[in-house]
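As written, the chain order gives the labels A, B, C, D, E and F, with residue 1 at the start of each chain.
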Amino acid sequence: MNALYIVCGLGLTALVAELFNARKILSFLVIIGLAVAIGLTIPELGTSVSYFTNMVVFDNFAMAFSILIMTVTILWFWMAQDYFNQDLAHYTDRASLILFTVAGGILMASFNNMAILFLGIEILSLSLYTLAGSKRDSLASNEAAFKYFLMGSFATGFLLLGIALVYGATASFNVQTIAATVVINSATLPAFFYVGVLLIMVGLAFKISAVPFHFWAPDVYSGSPTSVTAFMSTVVKVAAIAAFVKVFSVCFGHIAPSWSLVLKIIMILTLAVPNLIAAAQDNVKRMLAYSSVGHVGYILLAFLSQPENSASGIFYYLSAYSVASITSFAVLLQVEKLNSGTDIVQFNGLFKRNPLLAVAITVALLSLAGIPPLAGFFGKYMVFIQAIDKGMISLTILAIVTSLMGAYYYFRVIIAMFLQEPAGGAITVSTSQKILIVVLVAGMFALSMVPDYLLELF
Amino acid sequence: MKIPVEYYLWLSLALFCIGVLGVLFRRNAIIVFMCIELMLNAVNVLLVAFSTYLNDAAGQVFVFFIMAVAAAEVAVGLAILVKMHDNTKTVDIDILNRLKW
Amino acid sequence: MTDFLIYKILLVVGVFTITLVVAMYATYGERKVAAFLQDRIGPNRAGPFGILQPLADGLKFFMKEEIIPSVSNKFLFILGPSIAMITALMAGVLIPWGNTLIINGTAYSLQITDINIGILYVFGVVSIGVYGIMIGGWASNNKYSLLGAIRASAQMISYELAMGISIIALIMMTGTLSLGEIVNQQAGGDWNFWNVVYQPLGFLIFIVCAFAECNRAPFDLPECETELVGGYHTEYSSMKLGFYMFAEYINMFISSAVLSTLYFGGYNFPFMNDLGLSHNAITILGTVFLFAKIFFFIFFFMWVRWTLPRFRYDQLMNLGWRVLLPLSIANLLLTALVLLWIDK
Amino acid sequence: MTLYLFYFLSFLAILSALMVVFSKNPVHSVLYLIITFFCIFGHYLLMNAQFVAFVHIIVYAGAIMVLFLYVLMLLNLNSESEPHKNNTLKFVAVISACLLMVVLVAALRGTDDKMLQDTGSQIGYVRNLGKVMLTDFLLPFEITSILLLAAMVGAVMIGKKSSNTTTPQ
Amino acid sequence: MESLSHRSKVVSNKKMTFLERIYLPAVLSGIAITIKHLFRRKATVSYPEVKREFSKIWRGHHVLKRDDKGAERCTACGLCAVACPAEAITMTAAERKKGEENLYREEKYASTYEINMLRCIFCGLCEEACPKEAIFLTDRLVYTDFARDGFIYGKDKLVEKVDERIDVTVRQTPAVLEFKKHKQLSHNK
Amino acid sequence: MLTTLLIFFPLAAALLIFALRSKQSHALAFGAACIELLISAVVVYQFKTGDAENLRANFQWIERIGLSYYVDIDGISLLLVLLTTVLVPFIILSSFGKSFSKPSTFYGLILVMQMALIGVFVAQDGLLFYLFWEIALIPIYFICLIWGGENRGKITFKFFMYTLAGSLLMLIALIYLYLHTPGVHSFDVEALYAAGQGLSGGEQGFIFWFLFAAFAVKMPVFPFHTWQPDTYTVAPTQGTMLLSGIMLKMGIYGVIRWLVPVVPFGVITWGYTAILISVIGIIYASCIAIVQKDFKRLIAYSSIAHVGLIAAGLFTLTATGIQGAMIQMISHGIVVVGMFFIIDIVFDRTKTTALADLGGIRNVAPKLATVFVITLLGSVALPLTSGFIGEFLLISSIFQYRAWLGALAGLTIILGAVYMLRTFQKSMSGDTNTLTASVTDLTWNEKAVLYPIVVLIILIGIYPAPILSISEPAVAKLLELYSPLTAIR
């Protein structure tokens, strides 16, 4: 809960900072603040306290995801200095919107009431709509914002109808109460309850961009400013998945058979489609967008195999995914800055232009592809182990096929970097970004060396 | 003086589906946006009906949050729309397909 | 039951009539006040002191040729002024025009109905009012009308905010949304029970916003003749124009009534309980006092109109968003703090 | 009586909702949507949810739709010459919406009738709602402020004119 | 730069004080001013019932005077038309026939004499120019009309009737009268 | 402890080389490889003196998913570790005198590769094995990608995808086994054996094929081999040496350690099929080798043939077969490294590997020709060379299994002789032409690589007993598993 207070407070501070011309120290302040929030949350791990008449519950699930969200945000802030500096007039606006998004994310991880879930999603989404459009003179950015906005609100409609129907059947918005009602009255639940559950699933599937509700994602990801894309594909994704997992494990875990078929279809599509399409992309940003959609498939696979016991695996997967994603975006940003483009040809010969960047993004892509000993492998491994445990061998094989496809397009970038002639002169990277990239790469290895700590959180 | 709650269910589903239809059917972004508002309103009707039926105020309280969110969405959405119109001189959503793969 | 119904219908008709008459004479009053403030006499030909002037004006409106622009949207063109008129009339329903009259042991309230969210009702109706202007302005298919309509909508939405927040501060104090109760709480014979004493800033904000909501000078930008010919009603003539004018005066009347109700004790007047009069007499006297207050505010509206120059559009928005809104929020916070402190 | 009122309001609501979708002129769509909102307002009153009803009017009819109308007028989009979607797409849209309806109806067909509580129920009164909102739902209430703030900051950020030429102090 | 005319004003953009910035005092003083006017005496004159006194030297509708015998004084010399800054006066000269001696004082007279009242600015220069004391401005009003033609006053409206002479001395100051007298002498010499 | 040192010393050295970016990277790397060789010598000493306990290390790493760091060295592992530690210095040495772009990266990657290979050979935990298995892929991929030849992007990618696909299937199989380990789930090799043996026939079959796919791609066995000739051709010589000399052995080792004992029933059921396709692969590869026009490609196909024979021998599940496989692995590793180095030398001098352009090198570079002859004889399994022992054991085991298969497999020697001698004839004998006229003889570092290899080839051919004795107990232990099952066969 402290984390939530601090993040909201920071968001307000960021707004006020405009008045005092405190931009210089703002990002420093934000990073410190988030670090403090993390520091305050870690000691509380292992406890489970509910606040505000049971509106939010900070248990290990919530706190772990909050910590993950905030950690990635810190890294992101470090990475995205350019994003803030390129439009000083809106420096504080952007910072505060990002922080509100984080607050929304924390709420989505810690909600114990559908109202909080809904508001968390909306805070997150509304801030993001504008952030996606924050490159105001770029048509692509405008379109991304608008598309994201239309699709987002459309999805909200479904989510709300679902919540309403569930409320009608269970007479409560409280997650625990709903779960209890579902168990006790399972026989007498009206049909519209199940419709409601499915609608909630549709609504959340939009938010986690699972196929076939993903069609906004690639456009939005490639249209938004690259830094924002990085944020969307990490922090936001983590938050959305946390919400999804929580709703369907805690709330509707007991009636898994009624929705697992639908989720299974969604999952199969999510595994297959984006990975296929990503292979056809010539733009790295867009490729990463599709790949981030594809990763949802693995998470869904893990979730589907053990709806009530998959949090740790998913959490680890997301941690690995986020760090790798941030790394690849950090490199992408540097490349984009120099070449003003994110096509795959801009990566040609990166190894010769700046070995550090090339190696870092290689490690990140390998991690995303699930090559050991990187963290991404253990993530996928956790998924497979859960799926095989439940006898979903054929789905696992599908996952493997798709992860091979994933490897295919990740390697296109790697090959371009190591094989092709350089597409330009050497790239110089500022010291702080260098340090960040080294930290991130080290992080990817560290995650793979000591995953136990993360896994024991649940 | 009693109306079965199902009637409200039907009504709100009808409105919701009309909203969905509008979102899919129209190209004018503003109308699409309005249809989304219609969807939210359908949900509101349903929530109030349930709330009255269950004699539980929570449903109506939830409606307020939806309203707040709807208002916020409108502010943001129209800002984006106006910005987009500045750049493209149109609100036809089909031009959004420029970014297709 | 039938008695009650008949009484209510009578009351409705009464209120309706009074509203119309007051609005009618407000046009007369406006001209008179303008004249007086400009050292003139004003209309004085139709009847003694020109008292029949409003009738003449009305007749003129009826007699004038009715012009509907050929490229306009006819239905909406007619709908615009109708909405303006209807919404203006609707707000009067909830004003407590007086205390109860006791006839044959039955108490008859002089308020048509007192719902528990009266202020919200007023607000809702006011917020609908802008459609009249917008639809009319749009349907005229004239750029000046359209600009007037756009201005009107922006202005009304902007000022509704500050208005709402200033009222919230009041509601926090009174603890009810019902107008009847708010008035009753201000009863008690002594002037310092009036809410304006506790909410001077709120009152100030409210009255400024009321000016803006009624499109009255100095906020009459939607019909700013120096810039927009006639604003939203450029294309209107005859009774439809009359409706717009009328609606404006009715709005003025209703906002004066709301102002008196919320901040000036409604039908209560000082030392009302010390006079030793019968209940009915006090009720009637109260109604008279209410109308006195209302007339004073109507006069105030006119007074300000003929004193202050029109705002520029950016000044208007600045005032709304950067002055009134923060002020009203500050007022809200202050009220909340004081209430908390008193509570302790 | 109430039932007939319900039928009437529902009919009008659905009819005008359809008109929102099918009328050619965006301004007419807005007006039809306002009519729909008024029907919904009527429904709220039927359910004795007064507070919700009036807030609904203030928020939706009084603010949101005015904004829509405002933007329509500002961008001068009142032309009826909206380029039409090609017929296949329209067909697909209608089919999918109908499909959704059919699916929902099919799923809900079996529900047995339940009656509403007496309309005398007082939960729709502001006193009750306020109590619930500020006790049980205090956190969401507060969170809403963050939401609105975020929306405001975002909208301002998007809407502000570009100030590339002016460097901040 | 040194101002050449010393008439330009230097605009001061001084910061407003707090009191000025809240505007309310200014607004209040404004409405105080207007309310004062509410109680002022009204300037309006209710015209048909109450008529405002003309000034003594008020100049209105022209008149072409006759002499004591009833003959027109005007000899169509055209000096008035030359003097008229608005060029409102036109005339045609004619020779006096036999038997018209009682009509026209001298051998030459104006057969038409028109003043366009829409052009006339009532300056009185014609009056001063006239060597024959023939044209005077009186205190009468020029009445309204619906047509422009109606404002072109011919001799029918300008020449005074024999039986109702117009006293033009009323509005002449003694000095003028003295001067006129003197002039008359010289004229009549 | 020693084993851990064995694994991580090359990694540390590699990181050091990466960090230093020195011009003398090759010397550093060579030094590190020699030290590694010394360490392995100590390991051999410890192994021989029966201090085998010291070689084991076992502790939990990631408890949650059952991963433990469990390494041990038994006879089979030791042989392959030795192969690695012996060959890597030679490989590094062979690169002396050549200039690479970014040498530190190159040598660092070779050392990382060595670390991963040793890891694969000593891992006793299924997942750890898998990790090293995958890690081995990355450095070799980059070696081929950065320093490879024409068209390397596509070819190395194909190689990568094949191996990755195979290993992912293996991962599924391992996870499946893990989930069926009795008691607390664990990846311990023994536990996996127990799990595998407890499975039903059908399950064993599916595990068999999943695991076999991974190993078959790596070896490569027909029809999983299509990546191999291209990759061998395109990779830099050191890469080809690593691939063919050591990495290929990972597959065979995998079969011995992680397939045969895990699903005995599956092996028995499907072994016949496996042998059959191996034998088909032998003949197929040999036939293609005969018509190859490119020197390097020819050796690549010969490698497929040899490995096919090893695989076939393994699946006979006889001590002869497995021991033959062991010795043939060593032999093949040494021979093929020598062979590729000779090709590299020839290419270096003539800038071509097309057989048609060569000829008469014997006349100008007699030492080279001699070394080539000996290596070649080792490859065609002439008695008294190392190849003979292995192939003899293998063919005899296949012959015992099915006589006609043995006969077919025996063809490998004949066909091998055909293409090898043809190669010699085309390249070394005959008249010198303009290209080969200028070929110079061996330089010092080439001698330093090739002479020891030649010595080793002959030495093992004459006296293979020490090698056989090292692996014998481990092989016997392996086969104990099958004694009850032979009845079924």
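Things worth noting here:
The criterion applied here is as follows: a contact is a pair of C-beta atoms (placed from the backbone, for glycine too) under 8 Å apart; a residue touches a chain by one contact, two chains touch by 3 or more.
Everything quoted here is computed from the prediction, not taken from an experiment.
Touching subunit A and subunit B together: D.
Between subunit A and subunit F, the least number of touch steps comes to 1. Chain closest to the overall centre, judged by the mean of its C-alpha atoms against the mean of all protein C-alpha atoms: A.
Looking at which two chains touch through the most C-beta pairs, you get B-D.
Distance between chain centres (mean CA atoms), subunit A to subunit E: 91 Å. Separating the CA-averaged centres of subunit B and subunit C is a span of 33 Å. In whole angstrom, the spacing between the mean C-alpha positions of subunit C and subunit E is 51. Computed from the mean C-alpha positions, the centre of subunit C lies at a distance of 28 Å from the centre of subunit D. Shown for subunit D are the residues that touch two or more other chains, namely 51, 55, 63, 67, 74, 104, 108, 111, 136-137, 140, 144, 147, 150-151, 154-156, 158. Under the contact definition stated at the top, the residues of subunit B that touch 2 or more other chains are 5, 9, 19-20, 33, 49, 53, 56, 58, 61, 65, 69, 72-73, 76, 79-81, 83.
Pairs of chains meeting the touch criterion: A-B, A-D, A-F, B-D, C-D, C-E.
For subunit D in complex with subunit C, the touching residues are 27, 31, 34, 50-51, 54-55, 57-58, 61-63, 66-67, 69-70, 73-74, 76, 78, 125-127. The touching residues of subunit C, when paired with subunit D in their complex, are 76, 115-117, 120-121, 123-124, 126-128, 130-131, 134-135, 137-138, 146, 149-150, 153-154, 156-157, 160, 177. Across the complex, subunit A is touched by residues 61-65, 102, 127, 130-131, 134-135, 137-138, 142, 145-146, 152-153, 156-157, 160-161, 164-165, 168-169, 171-172, 175-176, 178-179 of subunit F. Those residues of subunit C whose C-beta lies close enough to touch subunit E in the complex are 33, 35-41, 44, 303-304, 306-308.
Residue ranges on subunit D touching subunit A, taken from their complex, read 104, 107-111, 135-140, 143-144, 146-147, 149-151, 153-158, 160, 162-163, 166-169.
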